[in-house]
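Note that the chains take the letters A, B, C and D in the order they are written out, and that residue 1 is the start of every chain.
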Amino acid sequence: MSVLFEVAGLCFAYPRRPPVLTDATMTLAAGERLAITGPNGAGKSTLMQILVGLLTPQAGRIVAFGAERRVEADFQEVRRRAGYVFQDPDDQLFCPTVAEDVAFGPLNLGLSRAEALAVVDQVLARVGLEGFRDRITHKLSGGEKRLVSLACVLAMEPEVLLLDEPTNALDEDTTARLSEILRGLPQAMIVISHDPHFRRRIATRTLRLQQGRLVTPQPVCRHAGMGA
Amino acid sequence: MSVLFEVAGLCFAYPRRPPVLTDATMTLAAGERLAITGPNGAGKSTLMQILVGLLTPQAGRIVAFGAERRVEADFQEVRRRAGYVFQDPDDQLFCPTVAEDVAFGPLNLGLSRAEALAVVDQVLARVGLEGFRDRITHKLSGGEKRLVSLACVLAMEPEVLLLDEPTNALDEDTTARLSEILRGLPQAMIVISHDPHFRRRIATRTLRLQQGRLVTPQPVCRHAGMGA
Amino acid sequence: MHIVDGALSNAVVLGGGVLAVGGLALGLRSLTLEKIPVAGVLSATFFVAALVHVPLGPSSVHLIMNGLAGLVLGWAAFPALFVGLLLQAVFFGFGGLTVLGVNTVNIALPAVLVWLLCRRGVASADTRVAVLTGFVGGALAIVLTAVQVALVLWLSGDEFLPAAKLVVLAHVPVAVIEGLVCAAAVTLIHRVKPELFGTLAAPARAA
Amino acid sequence: MSHRVEAVGSSARAGAAVRSAPQAIGGPGGGWLGAVDPRTRLLGAIAFAGVTVALSSLAALLMALTLAGAALLAARLPAGPTLRRMAMMDGFIVFMLVLLPFTMPGDPAFWVFGWPASWAGLERAAAIALTANAIVLMLLSLVGSLEPTTLGHALARLRCPERLVHLLLFTVRYITVVEDEYRRLRRAMKTRGFRPRTNGHTFRSLGYLIGMLLVRALERSERILQAMKCRGFTGRLPLLDDLRYGPRDVLFIGTTVPALGLLLTLDALYVGLV
């Protein structure tokens, strides 16, 4: 089974802040769906941004798709092959219509307009949003925006999906629908999620980010004992 | 126990949109801390805006502080007696410095400068932000902004607090600190929150907004039976 | 296009100052305190938009977006763009102090002229008309700004004439780019929130 | 609103300028100037600018630049970045200065490809560069070292129109908010393979981006107005400040006025003698 991501000993601190990651190590193999959990502010989103080169770690090694990645030029390829769905769809969607938003990635990859529009229809069908092509993205509901932002990334035909809290503030129906879509996709994925039920439906393996490191969580539900 | 808010049969739709609220009914008594939850886009923020008269429902009855409220003039009094903390603190903190922001309400209520500044110091101390008086609003961290926006509302000495997702994007420490502050306040409050642990710490009662209505959620964890 | 202190003749600097004060007065007349939040947040957005840089062949240019500012803000573009120029001068050291009036008129007068000429078109129900107007407005504002900069230099001394001509020429491609960016922005606003063009710009007359 | 033309190699620096904007917009000024009232500093910068543009001899202008350098030290601003900011000019201004010796008539100083460069033109270009840099450096030191919000308070106390002051304060307040929104969207565009080029796709995407920021700005302003109403907004925006003139202001004026007088005298001497 080929290894897609392999990171070791990542350290990261934002300027003038205490370190967020102190020694994070993980591997993602083809076909895996790896869930990452951990408290608010633990550095989960930070880790994902490091994986695609949006942030540069102070120490550590990143091997992606079989090559070590160090500089911006290396990561441009990583970003083409790993699709990153942001925590907040409003940070990702900026075009007037759904079709244009979904076509943005393919156009950046050099497809023609006609080709890109063909991709749009196909990808929207895959996430169950047929007929949303000409809808105004800004006026969609939160759940619909989330599915569109997934479609935007799928349109680039990535080999790996990186999903940052995809069920954040989704209702149960949309969460269930999203689970089905994700389970039907062939790609390996890393999914950040606070939701234990969703993780159980989706993940083949789970890691917990705490005190700057990735650890295998205890088998029992941590939440069981909490609450007032 | 006196009733502070009593709304019945609220219907609301934004122009050219399907209805958000179809028949929302609820009561808030003195001393209660009522949590409201529900999926994204269910209309929780909309409901709060209706309670203080920022939006006008198409049908339904709003009784607040013992009187029925219909027109803008009625709601000016409601807004003075019910402090509304917005979902995004950047929407609420519009003044250059913390002192000016906190003093804005008291000055509008007719206090003198000196009186308003005394209130500022006292309220900042209550939320644990002594010494923040002359800080520049836009340079505060997310958690600090949240606490200042609470202070702004407390400065008007409201009888009821309306909090829209107060722990949104806060880390665990700040969330815990906010819980403590809220539990120490004498006011009745309505708190919108997606966070079950926070709700359990805070709330004396919980309602769920779904399909346009407020319902009492089933006592057991709905999620227990789900999952693969 | 920030002119610096010391380049212009006293008469031009004074004239620019007087015109700027007039423009500011007209722009502020319609801005009640109730409208300050809209104007302020939009003004902040134009400040950020001016930090966007676009590649132009082997170099890159920063956007000005004064045409779009005019279409969105109307007369309020005068104070909004003045505030931007003031912040840039004081905190970034772009431009200068005595030339603040001239620089304001150079950027804001074209914005207002574009609004006067294009406000009907941009509010048209027909998207194509609106977008075309957006292109014309965006490009025209840059051309007018370049012409004003050239004029101001030329009025200050004949020795500036060659440079003035080159300023105008050099801004032709910039005007095309600004036109295209403005047209795209108008497309989006037209589909997503057409009221944007009426919030501040329209009632300016009534006040 | 800047139209600096720069080589593609420096595009990373332009990105850094965007990122540093919120920091640049405000850094508390310490140093000797810290105790001088913002109003005094603002008026001092204006007086200095007025005097400096009236100077014509290079000697007096050099002295003006020296004074601005002294102000930089007194403000305790970081020298490197501040001087870089001072020296940065629009491409076309640099171009105009380079062109001046060749477009101004006078005794030739040297020739480039057969074109004569005049002494008069060289002197004029030097005078403009010195004036511009001296005034910008003084402005950065005296006023640029203030918090932007303090600048707003000072302008209000100096009887600037109330609405203009509030517009300035709202703009300053929301620049960081809008810029963060902008940065997050640009980052998302980058992860989807966007690299700006000179083509229609780039112009369209950036136009959409700016349009979207404006739409969100409008919606945010609607929420702000609601928040203001919730706190009893009565059509008044009060300002609270603790600006007070003190002994340091007297000292500041006591040094500035003679220094400016000296500049004018020096200039008159040189112009009269040379």
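Keep in mind that, in the parts below, a residue touches a chain if its C-beta (ideal position, glycine included) is under 8 Å from a C-beta of that chain, and two chains touch if they have at least 3 such contacts.
Fair warning: this is a prediction, and the values are worked out from it, not measured in the lab.
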item: Separation of mean Cα positions, chain B and chain A [Å, integer]; value: 32
item: Chain B-chain D separation of Cα centroids, rounded to whole Å; value: 41
item: Interface hub residues of chain C, defined as touching at least two other chains; value: 37, 187-188, 192-193
item: Junction residues of chain A - those touching two or more other chains; value: 95-96, 138
item: Chain D: positions in contact with at least two other chains; value: 26, 169-170, 172-175, 177, 205, 208-209, 211-212, 215, 220, 224, 228, 236-237
item: Pairwise touch network: line, ring, star, complete, or other; value: other
item: In contact (per the touch rule at the top): chain pairs; value: A-B, A-C, A-D, B-D, C-D
item: Partner chain D, residues of chain C touching it in the complex; value: 1-7, 10, 13, 24, 28, 31-34, 36-66, 68, 72, 79-94, 96-98, 107, 149, 153, 159-163, 166-167, 170, 174, 177, 180-189, 192-193, 195-196, 199
item: Partner chain A, residues of chain C touching it in the complex; value: 187-188, 191-193
item: Complex contacts: residues of chain D adjacent to chain B; value: 22, 26, 147, 149, 152-153, 169-170, 172-177, 220, 223-224, 226-234, 236-240
item: In the complex with chain C, residue positions of chain D that touch it; value: 1-8, 11, 14, 17-18, 21, 24-26, 45-46, 49-50, 52-53, 82, 85-86, 88-90, 92-93, 95-96, 99-100, 103-105, 121, 124, 127-128, 130-132, 135-137, 139-140, 143-144, 148, 151, 161-164, 166-175, 177-179, 182, 196-198, 200, 202-215, 217-222, 224-225, 228, 235-237
item: Complex interface listing, chain A residues touching chain D; value: 52, 54, 76, 79-80, 84, 86, 88, 91-92, 94-96, 100, 104-105, 107-109, 138, 152-153, 156
